[in-house]
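Heads up, the next two complexes both have subunit A, just with different partners, subunit B and then subunit C.
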Partner chain A sequence: MKKHHFTWGGLYLALVFVILYAPILYLMIFSFSAGKTMEKYHGFSFQHYADLFADGRMITIVINTLIVALLASLIATIIGTMGALVIKDSRGTWRNSLLSLNNVLMVSPDVIIGASFLIFFTVLGIRLGFMSVLLSHIAFCIPIVVLMVLPKLNELSPTLVDAAYDLGASRWQALSRVVLPAIAPGIFAGYFMALTYSLDDFAVTFFVTGNGFSTLSVEIYSRARQGINLEINALSTLMFFVSLLLVIGYYFISKHSGRRNRIVAVKEGDAQ
Partner chain B sequence: MSNNIMEFRHVSQQFGDNVVLRDIDFEIEAGKFYTLLGPSGSGKTTILRLIAGFDQPTSGEIYFDGQQINDVPANRRQVNTVFQDYALFPHMNVAENVAFGLQIKGVKKSEIDQRVKEALHLVQLDGYGQREITAMSGGQRQRVAIARAIVNRPKLLLLDEALSALDHKLRVEMQTELRQLQRRLGITFIFVTHDQEEALAMSDQIMIINDGTIQQSGTPVDIYDEPLNHFVADFIGESNIVPGVMKADYLVTIDGQDFECVDAGMRPNERVEVVIRPEDLDITTVDQGKLTVTVDTQLFRGVDYQITAHDQRNHEWRINSIHKTTVGAQVGLAFDPEDIHVMRYNESEEDFDARLDSYEEDD
Partner chain C sequence: MKKLFAATVGILALCLLLAFGDYALNRQTNQSGRRTVTIYNWGDYVDPALISKFEQQTGYHVDYETFDSNESMLTKIRQGGTNYDLVIPSEYTVQRMKREHLIAPLDHRKLPNLHYIDPQFMNRSFDPGNRYSVPYFWGTLGIIYNDQMVDGRDVQHWSQLWNPRLKNNVMLIDSARDVFAMALITQGDSVNTTNYHQLRKAQRHLKQLTPNVKAIIADEMKMYMEQNEAAVGVTYSGDAREMMSVNHHLHYVVPSEGSNIWFDNMVIPKAARNKAAAYQFINFMLEPANAAQNARYVGYATPNRKAKQLLPKRVTADRAFYPPRTTMKHLQTYRDLPLHVLGEYNDLFLEFKMFAK
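Now for the complex of A and B:
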């Protein structure tokens, strides 16, 4: 066993993690408190979890949020992957303009995007609610997917597609059997990124939700204005663990497929 | 004539303003090993891409087995390619890579398994089917790429700089193997390379490409012994190229000194270039030599000494000799009339062949 020696660097790192995770830990501890506020710990209890599961409105909102996130990231992944394929095949200034248009959406503030969607939907006469939230989530997820998929496409050897044609594949077969499997890690990464962006989006959603439809972040915000209810703590704790599981799952998927999908570069003797 | 599997008729290729191929004409006979040899940027890979069907020519016709195939896409040609970077599919293992073409064609599973096994056996990769591509060495990947191409039983196999990523020893081994494989399968091979040694060692026929045109085509021996022009003589092997004047048939003057030679059919007193290969020059004493030179450098290369020397008129001569000499010494150079090869300026390949025929018949 290698002994771990004390270093100032290690201490600094530990401090950073403590500061980052302390608020979350604090919130989690109070979700198990019997009291009504976070001022003082009142002893262990599952009371807030029971409240949470009895709160039908909250459960509906959680389900709504998940539906929006899953649908939006799925649709955004399909559109974004196709977009990345088009950008990859385009040339010169056209390619650069497409990429810039994509990147502008990434860096522009959520508030601006949210406000412009609100104006857009109002002008078109689309009722604010599930559809408007879904559409705007799809819209801001697409650039993320494009950015995750494009580097994988650029890594691919251009002769790979030629090789597929050469062996008799049609355009569709070359795409479905060679290109898509080869860039699958990028597509998965894009999907997961889109999912997390959609799940925790507040600013855009805040503008485009209407009456009767809400997502978690907007609901928590509106409840927090009337004083924090410890039910929120319970919900946050659950969500924290769910996202932890997602991250661990993604790590194993990417570790497994990464070994297999690593792009084969021609390098003499790298396996000898 | 019916034995021609592939034919180019006046094929030109242009990308924008950039002319890559100019009026290319050639025929490929079935069952032979052809090499397209040329420096990078000469257009040889473009020819390969036209044959494979990845690009369409700007003008001219391409025939395959007697059929015009200009508009037949790559996936419907009976041609397979081994790519320079192998282009193996990274998400498939060795057997899946090899089986890809057969699966696309909808061949039965049992037959696929059988043919994949045979193909892997041909490239000496028995038992490697379940390996990942990343777990294979460069030489093994090369073999997988060859197996993936030949498993489809193409009529024509294209190899694009297929050996250039391998180290020297492995490359020489693969040259022999490729040659044997070609003989055994009887498939026509078209091999693209910039390595003249590789071309000489493997081919039945070589086509030398430069600047978008075919400079010369012929057997390796023909091209080596009778290069058509300065470019070919310089590109294939080492050579001494000096200006001369053709006084009469079988008599050439270099710097005012007359030499007997075996070339004829030129105008009297025509200015020409004279090629003498370094290995045809023998070092001897000054009075026995036809030329007198002073030795400048000497380099031991294992098989021979590479010697450079200059004559009285400051022409540089390269000599490959198995005998040692002394730097700074005056020596004589001896050579036979057959060692001299005379090249005319701007002679076309047809004129060259016609001229050779005209006086070789007389002999």
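Now for the complex of A and C:
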């Protein structure tokens, strides 16, 4: 067992984490304040949580936001994974231009993407609302998924796929039994990245919401003129714990499947 | 593959569950048919209890959507693709929407409650005869000061901000029109001047204020004033009210020689699909009891004369937020100026800012 010694590196790391988490903690503490502003703490109360759950509009917006994020990142993951497979198989300038086109979407400012979506949807006559938000979120999530899946595909040894074909696998079997399981961690990572992008996007979403459909980030921004209500703190605290649970869940799932993979590896070793 | 498939099914199931929750939630709040009215307003700028009351009274379902600035709202209305039935822009935006034919003229016969509005808030220059808009809330530009750091008598007028005793103690709101309004009023000119010489003169005057200017900032001013960082600030009445509720040493003054008065107004866009409901909503909000309830929730000054009588005396007697008639006479609204003139305001302001720090 290695002992924990004091190191400057460790101190630096601790400092970074304190700086990253302090604002969130500060916000969470005030969600339990009885007061109305973040200036002074006024004693413990669940008042803002009660307000939040009584606010049907806010709950609807939260649900809308979650549905859009879950669905958009799911569809983007499917399309993005297919895209990554195509890019992997392409060669030369064609491959480079495909990758560059993908990267351009990653670096171009959200505001411009949002404005062009607004023009695009109105020209096509698509009513702004759930569909327009979903479509635009899918669109800006795809490049992220491609970037997360591609490295895993490059790691995958081509001999493994060749072996599958040698053993008589059809194209579909090779894809579903060999390639996809091997790149699954990349696909999951892509999904979660897309999920976070979709959840907190304001710039694109602002342009394409409409007709009574809104998401959380748009709603919170629009409250800025009045000063942000502590109800938002309560909501943020809940969201923080939900994401914490998700991360813990993801950790246990990956640990579990990691062990199983090891067992498989050991068995394969025995077979040799 | 199995794992990926299971995850996909799980996510879809979760979506379905959420969609069902959404459906159940909205059925609860809206049992009475599918007629909806869509309202586009600033965030947190109406008492949610009034929305439910309106829904119960009329049977309409209210879709309430929010924006964070006049400009972004205008972009969306201009582009189309949305059907807002009622929008609440500020007065200079009303003027611009009118010019761009985005809003429909109002039929005053359908607004029997319009007579509750105080006549002094009707028929303003941005919308003569209130053909397009009905005032929702109003406020002013003024001076907020900290009574621990400065004597109230020394900051009753704009010109007093130039006093050398306030060295490095004045905060200005970061807005070209507002800062120029202050300077233009001290030299007796209109806040809507298009005369370049008057603007230049105002800028020269502002440059003399430089030693007193501690910072030119936006929303952060609230925090600094609350924490006694500066003695004096130039800001809007709505923000001032928020600061005063936190720090009791702060006071707000509207200079009697004049200042800016702003309005947020209800308008009906041309693209509205449910104009009848929009009229009903305007009428509902003009109802004195409702207007008073809304004013208590939002905390801004109401233009509704009857509603004002229903508010607590300590609110309406506050001369800072309901200034006396003599001051009201000198308050001016901003007019939407031609683009090249606005450019001059912005350029001169930018020059002043660079000079300041």
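The rule is simple: the second predicted complex is superposed on the first by the 235 of 272 C-alpha atoms of A that agree within 3 Å, B and C clash if a C-alpha of one lies under 4 Å from a C-alpha of the other, contacts with A are read in each partner's own complex, and residues count from 1 in each chain.
In this section, contacts are C-beta pairs under 8 Å (C-beta built on N, C-alpha and C of every residue); 3 or more make two chains touch, one makes a residue touch a chain.
Only a predicted model underlies this, so the values are computations on that prediction, with no experimental measurement involved.
Look at A:L167: by the touch rule set out above, it reaches subunit B but stays clear of subunit C.
Shared-chain residue A:V86: touches no atom of subunit B or subunit C. In the superposed pair of complexes, A:L13 makes contact with neither subunit B nor subunit C.
By the touch criterion defined above, A:D55 reaches subunit C but does not reach subunit B. In the overlay built on the shared chain, the residue A:L71 is in contact with subunit C alone; subunit B does not reach it. Of the two partner chains placed by superposition, only subunit B is touched by A:T159; subunit C is not.
Greater residue coverage of subunit A by touch, when subunit B is weighed against subunit C, goes to C. Within the superposed three-chain model, A:A184 lies in touch with subunit B and with subunit C [touch as defined at top]. Of the two partner chains placed around the shared chain by superposition, subunit C is the only one that A:S222 touches, whereas subunit B remains out of contact.
Under the contact criterion defined above, the residues of subunit A that touch both subunit B in one complex and subunit C in the other are 177, 181, 184. Residue ranges on subunit B touching subunit A, taken from their complex, read 52-54, 73-76, 79-81, 83-91, 100-101, 104-105, 132-138, 140-141, 148-149, 152, 165-167, 170. Those residues of subunit A that touch subunit B in the complex are listed here as 157, 159-160, 162-170, 173, 177-178, 181-182, 184, 259-272. Across the complex, subunit C is touched by residues 36-37, 39-40, 55-57, 59-60, 63-64, 66-67, 70-71, 74, 118-119, 121-122, 126-128, 132, 176-177, 180-181, 184, 187-188, 191, 206-207, 209-214, 218-227, 229, 257 of subunit A.
On the subunit C side of its complex with subunit A, the touching residues are 1, 3-4, 7-8, 11-12, 14-15, 18-19, 21-22, 25-26, 28-29, 36, 38, 42-45, 48, 51, 63-68, 72, 75-76, 79-83, 219, 222, 226, 238, 242, 245-246, 298.
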